[in-house]
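Here the structure comes first, spelled out in structure tokens, and everything after it is commentary.
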Amino acid sequence: MSVRVQVEDFDIGAEVRALTAGHADIGAVVTFTGTVRGESGGKPLSRMTLEHYPGMTEREIARIEAEAHTRWPLQASLIIHRVGTLRPGDNIVLVVTASAHRHAAFAAAEFLMDYLKTRAPFWKKEEDAGGAGAWVDARESDDHATRRWQGATGKG
Amino acid sequence: MSVRVQVEDFDIGAEVRALTAGHADIGAVVTFTGTVRGESGGKPLSRMTLEHYPGMTEREIARIEAEAHTRWPLQASLIIHRVGTLRPGDNIVLVVTASAHRHAAFAAAEFLMDYLKTRAPFWKKEEDAGGAGAWVDARESDDHATRRWQGATGKG
Amino acid sequence: MSVKIRYFAWVREKTGKAEEDLDLPAEVKTGADLIAWLKDRGPEYAEAFARPEVIRVAVNQQHVKATASLAGAREIAFFPPVTGG
Amino acid sequence: MSVKIRYFAWVREKTGKAEEDLDLPAEVKTGADLIAWLKDRGPEYAEAFARPEVIRVAVNQQHVKATASLAGAREIAFFPPVTGG
């Protein structure tokens, strides 16, 4: 299990290789990469800034990651979340889950992303071409996505 | 949309970069990598050989990929399946799906994997340490996984 | 008319060949008919097709049921259930 | 007793500060009490906490309800709903 909050970009291939090296018991690796889209609410986006709560963010993500390991049989997992100023096309977040079987790896990655969207203390401020900035509102649909895991039966 | 059946290994990071380059409308990229496990049915595995049906395999995968694009709003997708002799830890298959939103990317990747397991003409022969080889039987659970997509409502 | 017959995985191993061109008699109208006809060609075919219920059929590189017509077939393939991914 | 109060995102921008150490009066027992008390400290606080129902509270770096007790709090944070990923 590993959690990193960092300004630097990441390389998916290198992260997966490092995470799975030496494991002969992994059959399935799922990665999710969130990237900055070039528009927001129909308007062009020039850049965004991600703020976090140092200390709490890492702890909150580690808690969620540990919960994923109790729900699904995972051999390894990794969560990287970038902070600072990002531009369209840039990577924001990487989630990697590795399991013997694909359904566990898929379910755990989706679970982690749903929770990252709704529980981990990150805030996005978007800037349009004119430099006007606006904080992103939380999405109702993300809260719904997270709630579907509450009461879920565990092993998937 | 892209389909490759090849002997060579692949690099997840490089494939994702090539697939998403120049797209400002992608917000979510999901990859699935299937790898060779070091044991099969409780016995150590020394290597496996993947056979395919040249022509039909590529066509069948392309058909499944096109169906994924009709079910979910995908900006891009890629499927690479290796053939030939592979050893524990080696990559077997890569599925990449890219969408504006994460649920579509997750659902499409899982759909593609379920179909690759049950419809694409590949056959695995496993060899144990003594060199004894056995063809892998189809798994009932994989057929179940595929059937759940039949009659699914489309946009996920 | 000559048709290309292809075998994969353990069907290929048991028949001892990857493909062959065969002239099919008129009474062979379906995949199941073809399997029954092939089984008479020799012990290696009889063994390869000993359990026809597990054999999958593709005609012109498309999955079909064993009961589907072979009319228009240029290439017919027999193989076990697939195990990719 | 002095407690560290931290503000994030637009709460930070509106209060004009990322954090401060404050001595809380005894009648401030919950996050909601603290919000009400902060609103009296000046117009920038009044604006930051104009809609207390959208403000999230963390005590000692754990999410809590606004009605939860602040007993034992060394660090209290106020922020909007999170928007990560």
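Letters are used for the chains, namely A, B, C and D, taken in the order the chains are written, and counting of residues starts over at 1 for each.
Assume contacts are C-beta pairs under 8 Å (C-beta built on N, C-alpha and C of every residue); 3 or more make two chains touch, one makes a residue touch a chain.
Given the structure is predicted, the values throughout are model-derived calculations rather than measurements.
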{"item": "Per Cα centroids, the chain farthest from chain B", "value": "D"}
{"item": "Inter-chain centre distance, chain B versus chain D - centres from mean C-alpha coordinates, in Å", "value": "48"}
{"item": "Distance from the mean Cα position of chain D to that of chain A, given in whole angstrom", "value": "26"}
{"item": "Chain centre separation in whole Å, for chain D relative to chain C (CA means)", "value": "73"}
{"item": "Junction residues of chain B, two or more chains touched", "value": "34, 102, 113"}
{"item": "Residue numbers of chain C (touch at least two other chains)", "value": "85"}
{"item": "All pairs of touching chains, each written as two labels joined by a dash", "value": "A-B, A-D, B-C"}
{"item": "Touching residues (chain side chain A, partner chain D) in the complex", "value": "34, 50-53, 55-56, 59-60, 81, 92-93, 113, 116-125, 135-139"}
{"item": "Partner chain B, residues of chain A touching it in the complex", "value": "11-14, 16, 20, 23-39, 88-89, 100, 102-103, 105-106, 109-110, 113, 145"}
{"item": "Chain A-touching residues of chain D, taken from the complex the two chains share", "value": "6, 8-10, 12, 58, 61-63, 77, 79-85"}
